[in-house]
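Order of writing sets the chain letters: A, B, C and D. Residues in each chain are counted from 1.
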Amino acid sequence: MPCDAKSVAAAVLSAADTITAHRDELVRLDQAVGDGDHGENLNRGFGFVRAALEKSIPDTPGAVLKLVATTLIAKVGGAAGPLYGTAFLRAATALGDASELTADLLVAALRAALSGVVARGKAEPGDKTMVDALTPAADATGTTIADILTAAAAAAQAGADSTVPLVARKGRASYLGERSAGHLDPGARSTALLLNAFAKAANT
Amino acid sequence: MKKIINEPADVVVEALRGLGLAHADLLRVGFDPEVVVRVDAPRPGKVAVVSGGGSGHEPLHGGFVGRGMLDAACPGAVFTSPTPDQIQAAVSQVDGGAGVLLLVKNYTGDILNFETAAELLAAEGVDVRTVVIDDDVAVQDSLYTAGRRGVGGTVLVEKIVGAAAEEGAGLDVCERLARVVVANTRSMGMALTAPTVPHVGDPSFTLGADEMEVGIGIHGEPGRRREPLADATGIVAGLLDPILSDLPFTVEDRILLFTNSMGGTPLLELYLAHGIAEEALARKGIRVERKLVGPYVTSLEMQGMSLTLLRLDDELVRLWDAPVHTPALRWGA
Amino acid sequence: MKKIINEPADVVVEALRGLGLAHADLLRVGFDPEVVVRVDAPRPGKVAVVSGGGSGHEPLHGGFVGRGMLDAACPGAVFTSPTPDQIQAAVSQVDGGAGVLLLVKNYTGDILNFETAAELLAAEGVDVRTVVIDDDVAVQDSLYTAGRRGVGGTVLVEKIVGAAAEEGAGLDVCERLARVVVANTRSMGMALTAPTVPHVGDPSFTLGADEMEVGIGIHGEPGRRREPLADATGIVAGLLDPILSDLPFTVEDRILLFTNSMGGTPLLELYLAHGIAEEALARKGIRVERKLVGPYVTSLEMQGMSLTLLRLDDELVRLWDAPVHTPALRWGA
Amino acid sequence: MPCDAKSVAAAVLSAADTITAHRDELVRLDQAVGDGDHGENLNRGFGFVRAALEKSIPDTPGAVLKLVATTLIAKVGGAAGPLYGTAFLRAATALGDASELTADLLVAALRAALSGVVARGKAEPGDKTMVDALTPAADATGTTIADILTAAAAAAQAGADSTVPLVARKGRASYLGERSAGHLDPGARSTALLLNAFAKAANT
């Protein structure tokens, strides 16, 4: 099955549904080490994404991701808005104006997303941020889109889980010092959730 | 959750509508995106001073829009930094051609969103500078944190820089002055209770009846440490000591003492704490030359307080005393 | 009990010490008995305007001492009216020979203590008049109650009468004016939570998570009735309707709308409620010509709000706009 | 045993102790229908009375009561300060400068106290105030001081108890309307407590 703009849009819509379903979980996670808005902010942002995609779907996979990026940047705010916005923007750039997503383009897009987040947020692996989920995800390989995304999603969740014992060194959780240890990073968790939703969409 | 609100998702927009109605003589509120701008903006030839941040800290920042303080404020969702398009919209409505100074509290979200906006504005040819406010001594400023938070000191930066801009100071002077105020300002806060964010619905953290959070920020983030509840004298000492030793403030320094309520602490308690702080400073030989007491940088209904000290010189005193006319701060005008 | 205090018995005295230090340019605080007086009192030839009441309602009354408003305030214990000797002491320090107007909120305790003081002062030859403020429509004014309470409207009376006295109006004029303002002012309040009185140590009443008290006073007295928690639109309507029908206020009336926080309600919610009230009045064709929004007549940390409407005429508008310089209200000076 | 200034002062001191012992009870009663300060206010006032009497005792029973009156007026505030102040002031006046309290003087003093409270507060029996305790107390008769005070205390407590079902028509409780029913009036209770303390002192 070719992965055109419509397929990518469908995957984004299912990711939006995942965020809605996990809004409260992300709020709770962010309450523990931050300010409790991560789930609300992403849900608000993806709500606007959903509305935009339901109105009309751009022509190329890259254009779909660019729409996601600009919407998140304009509607989310907080740390996650610009970080996810940049991730989707760089991924969109990596896709160029290809009319279909390929395995190679996907690998390139994941790496571009990671380097965008790192460029903006300056976090390193181990800082207890979404970078801990995105870094292993960007190493995922495979021959099909579904394989790569499945591997990326699993890697992202493992990376997210690895944030639990860490002491945060970036973002709002870093204010807590040692008290940030013992909690899952909300941004790492949302990264895993998004990739998992994309993987599911690719596998159906 | 007990709040005087309608839909949680509409809180900010509805509150802005009320702000706009209550102070139509001073400011106008725009929606989509949300901005609060001086009613007489843009003022040609005047440096525009713009700030913003998450909502829930009122009167910060919208309550400081007006003559002698901010030209515009960008209110984000509750406890969430504003988005670049809000910042761009605000700037475009107040840019008087003499440059724009963005005053940004140091939080990752605020930094990233203002940074994005600043890049886009610069690309449009706006002379835009950014000064980051990071006065919270509760946070270690090191490579291993996001750096110190911007808290109570924000009001002082906004007032003093706003006064300079109002007098016609240029962008370089305003930027330098903002950095001077930031460099000479230190704050620390504590909380007795947690705020409840409307879209969350329950308190941001839970404190035992005999506990307090010390080194708290203004977003319901838990503080640096949890301590047994102390009396007012102990609380004030616990805030004052780390502030004093940080800059450090020394004997014969002239200071502005800002005793801030986090929102839910009544004025009765706030004045009580202020008196203890002033007396403690007097005993140390530090001269309190200006005072500000009230709920100015709040965290919704959180009970608690912060202290902010600013080391003054003649120029800062003059600019502090300069006329200001905003919803929340007004004198000489 | 979580409060920023030392010994509960010392709260008022310590808070007054802080008030005195914070606003030494405007007022001086006396102890034994406790009084707050204008720094430049007595002003020969000026009618002295004096008020007072229990503490815990800050900034009322001490925060309204200064130019264009009160000459003195008598702070009682928390939620307890002051004693006659406080009132006598305050009057003796501010009496400029042109007579003294006592502005008294209608509570049995306040009435009796001010009455005693007034008798003693009259016996000493002071020309002293008393005007009782009773703006709370939640209480039926009948032979079978202590009559309506004085609540939010107090600020408006103090401001307007203070302005007249500052301009040199005589005692008769000030007294008449106070009666006019009282006659044209109506208020009603509600609460989401109860205040905790320091010397009591636990909340004054208990409300379920889905309940609110409507028709509440400012002393932690339970309200007239308990109702299911409503949204902001419902809350505002529940306050506004009984106020409007009471005077009654009618189409084309010009009014001052005062949206007051009971202390613990954050400005975000207060502006939201204010906007709803202003819009509701506009829909009814009532012209909101002046606004006041903030925590001015509070009940410690109680969450809740009140609305006050004052029917204006040109004279009242002019006096409202006249310069005032007090810790809590300041403009034009 | 003659009842001179010293005896009266001793009775007042034991009344002060009673108020201290019942401070919290009176606070609770006032919390239910008022503002919760009745116990604290009386305790503060009688604390000053105690301090004054411990320093020096005036010469006559009337002078002792006058000292109580002026202290309560100056230190209590609220409704109870002027009301109890007036009660003690009128009682003091009824005693004149007699050097000893007699049964007749006591009856006169109780009646004077009641009429003082009524004159100030304008409450009638049934309004759910201290008048409901003081009215039956002022009707007490007997041949000795101890008898009269014992009867007065019992009558006052019965009067206080009778306030429970009433709807308040005076004082802060009247704001509650029907909701004031079902609660004991704090001022009626403190009147009963004071008279009971005086009776006990007279009986020892």
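One rule holds for everything that comes next: a contact is a pair of C-beta atoms (placed from the backbone, for glycine too) under 8 Å apart; a residue touches a chain by one contact, two chains touch by 3 or more.
This structure is a prediction, so every number in the text was calculated from the model and none was measured.
Q: Trace the shortest chain of touching neighbours from subunit A to subunit C and give its length in steps.
A: The distance in steps between these two chains is 2.
Q: Among all other chains, pick the one whose mean CA position is farthest from the mean CA position of subunit D.
A: So the farthest one, by centre of C-alpha atoms, is A.
Q: Taking each chain's centre as the mean position of its Cα atoms, how many Å separate subunit A from subunit D?
A: So the centre of subunit A lies 74 Å away from the centre of subunit D.
Q: Take the average of all CA coordinates in subunit B, do the same for subunit D, and state the distance between these two points in whole angstrom.
A: Each chain reduced to its C-alpha mean, subunit B and subunit D end up 54 Å apart.
Q: When the C-alpha atoms of subunit A and subunit B are each averaged to a single point, how far apart are the two points in Å?
A: 32
Q: Take the average of all CA coordinates in subunit B, do the same for subunit C, and state the distance between these two points in whole angstrom.
A: Those two chain centres are 29 Å apart.
Q: Touching two or more other chains, which residues of subunit C qualify?
A: Residue numbers touching two or more other chains: 78.
Q: Tell me the shape of the graph of touching chains, choosing from line, ring, star, complete and other.
A: Per interface graph, the chains form a line.
Q: Pull out all the chain pairs that touch, please.
A: Contact pairs between chains: A-B, B-C, C-D.
Q: What does subunit C use to touch subunit D in their complex?
A: 9, 33, 54, 76-85, 107-109, 112-113, 115-116, 138-140, 143-146, 149, 197, 199-200, 204-205, 217, 219-222, 224-225
Q: Would you pull the subunit D residues touching subunit C in the complex into a rising list?
A: Going through subunit D, the ones touching subunit C are 27, 31, 33-37, 40-41, 44, 73-83, 120-121, 169-172, 174-177, 179.
Q: Taking the complex as given, what residues does subunit C use to touch subunit B?
A: Per the stated touch rule, the residues are 2-6, 11-12, 14-23, 55-56, 58-59, 63, 78, 192-193, 209, 212, 229, 231-233, 235, 259, 263-276, 278-279, 291, 293, 295, 298, 300-301, 303, 305, 327, 330-331.
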